[in-house]
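I am attaching a structure below and will ask some questions about it afterwards.
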Amino acid sequence: MTAISLKNLDISYGHTQITHGVTLDIAAGASFALVGESGSGKSTVLKAIAGLAPQWKGDIAVNGKPRSHGIDRGFSKMCQMVFQDPYGSLHPRKTIDTTLSEPLDIHGIGNQGKRVEETMAAVGLDRRFRFRFPHQLSGGQRQRVAIARALMLEPRILLLDEPTSALDVSVQAEILNLLKRLRREQGLTYLMVTHNLPVVSFLCDRLAVMRGGRIVEVADVAQLKAGTLVDPYSRELLAANKGHALESA
Amino acid sequence: MANVTDWLLDDSPASRMQARLGRTYRIVLALAKNPLAVVGAIIVALLIVTALAAPLIATADPIAQNLSQRLLPPSADHWMGTDELGRDIWSRVVFGSRITLTIVLLVAVIAAPVGLVVGAVAGYFGGWTDRILMGITDIFLSMPKLILALAFVAALGPGIQNAIIAIAIAAWPSYARIARAETLTFRNSEFIAAVQLQGASATRVIGRHILPLCTSSMIIRVTLDMAGIILTAAGLGFIGLGAQPPLPEWGAMISRGRTFIVDQWWVATMPGFAIILVSLGFCFLGDGLRDVLDPKQGEKQ
Amino acid sequence: MSALLDVKNLRVSFPTPRGPVEVVRGVSFTLGRERLGIVGESGSGKSMTGRSILKLVRAPGKVTADRLSFDGIELTAQSERQMRAIRGARISMVMQDPKFSLNPVMTIGEQIAEALLTHQTLPRSEIRARVFAMLESVRINDPERVAKLYPHEVSGGMGQRVMIAMMLIPEPDLLIADEPTSALDVSVQAQVLDIINEQIVGKGMGLILISHDLNLVASYCDRILVMYRGEVVEACKASELGQTKHPYTRGLLAAMPRIDENRDELPVLDRSAWATA
């Protein structure tokens, strides 16, 4: 079954068209990476799927159901998004508890206290953080809260927009391990935007390379690891990565 | 005591209540370290106590006339002297605090929420909603407050209720402007996008997520504006369009005392002192609140 | 070569209800017209070190230093007004969070123009040309469109490049770049760093590059400081970072995934193991 299917997706903001004919199929349970040039429209694709970029032509289907152009309540239980910036994605005046129970409140789900505690445990947040404010947490802890918030409604699909790029390597490792474990335990589907190819190798099984609003290549991660990507731009990215990697003894 | 403080300052509170109390305690603590704010808070607290306990504090009936005791200077019997109808000025000032407090509170209760909601709605929806709402706001804003209030009282007729309504009408547009400006700075932020994605309605996003972020600047602004509101009310009273005699409104008292300002200075000066003191109190408190609540000072990072 | 920046025993502390907390504890280093990297985990005090050089540590924070001299000027003795003349014109800083540091209600073009104008006056047409040229040089292909956008309308990586453009346009003597490229892919990153490099080589600018990306710092800088809990725990040449012995640096290195990753789980830092040692 396909979890997310995009066909000939053209997304625009005002008069500027950002993506051109994006076509992708992501199987349920897969972990799919979207990599590519900065400004090429990766985040925009995620936003269109989520309903935050309502101006598009083409088809978006999630779990076989066509998407409407806006945000709808039913969809929010199917698919959630984690944003890039752990500093900007939490409400500065709300405790972690309020942030996490808000989705339950919106959907009228009871037993909030227990669910909040369970989800916090699932993302490895200690109970003592529950009534803290975001400014009392570190970047990595905030990103865990953001992931927990996305998980509150028990969606099957997570859209991850550079979930670790603002974090340092040791925290990045923790978050990556967490995402890997959650997928294993809960059978989630990931569509993740990143510019970090090593992260793709660690977490994903397929990837698409974007440039200038178009998908230039879709490949298996095995190809990435073996360095056998075909498209010239993908090869350029890969080469830049290789040249960059540190020789550690 | 140490236990309670520890409990309040706990970095990892165990319940919503503790978190909330802890935050309040921190604010109070920070306020207490600011001497001007403390002075302001004391003055405002005094005003409230005076208004509540006016019958106990006053030494005489504020409207009882006694023509045999006209225009007496301050003495042990009449702490602030008496006016041209022989009424005890101290008692009138004390009872006047009730009127001042009512005006201030009602204006805050009417104008601040209206301005807040109009501004937040305009900022959140943008586009035509914004243009229309802000157009209306700007029309009001382009006129001086006192003159606007004057025009409304003239239209509605003199009287304390009408004065309150007029001042509120003159006051909300600046709140709407502030609320809109604040809303614009975070309406596109990711935490708002995140609640939208969870299926929250526009009402919920504005009510639960946007308004709370505007309130602290609003509290500061309203507190600082209190002085202006008191002065506007006094101004209306002074020209006879506010509270009507025999109500002991401070502005009206000054207005009547002005005839005797040379020989019986206390008649106009005593209520004047009250106005200055209370206005200053609100200013100090507002300044202190700004230092404590302004997110740029400490909250962020 | 005399040092461009000389920092000795820099300390930053914050008062808390339970007494002051030091977040930078006695950091010392000198910087010539070269590239110095500062790495370390989140919360180790990297940004605070950078900010305190510009005296930008916010209100309750207190900065003390035995010496903090920039090109012969003792920064600790400068008044706020004198500092304003130094900031931007002579030392500029790319802040960590571009979306936070950019004004959300002003367009990108206006903000870069403002950065340009704070220290000189130019005719309108020239400003436009300079702004577009700068945007182009940080690899923004359609500067005319982007100049008209508001910060929330640019992509994460573009926001960072805009910040870099803003900070380079006044041609400072010292650039402090706090995670300037964390949202950029390696190829754009390399190009943007080249722009910075041009100013270093051409104008003799000094650079402090704050980052948690060890690869980046190792391949781009001349020297590296590793910070942990507000202290410099290791200082080495960039080329030697791969051979470092310090357990903390080794931990950071091991926590990075690789392109041919086969591990099932990444090792995370075990802070308790050596923090007390």
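We call the chains A, B and C, going by the order they appear; numbering starts again at 1 in every chain.
Just so we're on the same page, a contact is a pair of C-beta atoms (placed from the backbone, for glycine too) under 8 Å apart; a residue touches a chain by one contact, two chains touch by 3 or more.
For clarity, every value in this text was computed on a predicted model and none was experimentally measured.
The touch graph of these protein chains is complete, with an edge between every pair of chains.
Between the chains A-C lie more C-beta contact pairs than between any other two chains.
Centre-to-centre separation between subunit A and subunit C, using Cα means, comes to 27 Å.
We define each chain's centre as the mean of its Cα atoms; on that basis subunit A and subunit B are separated by 47 Å. If each chain is reduced to the centroid of its CA atoms, subunit B and subunit C end up 45 Å from each other.
Annotation for subunit C: residues touching 2 or more other chains are 99-100. Annotation for subunit A: residues 84-85, 88 touch two or more other chains.
Looking at subunit B, one finds that residues 189, 300-301 touch two or more other chains.
Across the complex, subunit A is touched by residues 11-16, 18-19, 23, 189-191, 193-200, 204, 208-209, 212-213, 295, 299-301 of subunit B. For subunit A in complex with subunit C, the touching residues are 13, 16, 35-39, 42-44, 84-85, 87-88, 138-140, 162, 165-174, 176-177, 180, 195-199, 201-202, 224-225, 236-238, 240-249. Residue ranges of subunit B in contact with subunit C, taken from their complex: 9, 26, 29, 181, 184-186, 188-189, 297-298, 300-301. Partner subunit A is touched in their complex by these residues of subunit C: 40-43, 97, 99-100, 140-141, 145, 153-158, 161, 179, 182-188, 190, 212-216, 218-219, 241-243, 251-253, 255-261, 263-269.
By the touch criterion given at the top, residues 17-18, 58-60, 99-100, 104-105, 150, 152 of subunit C touch subunit B in their complex.
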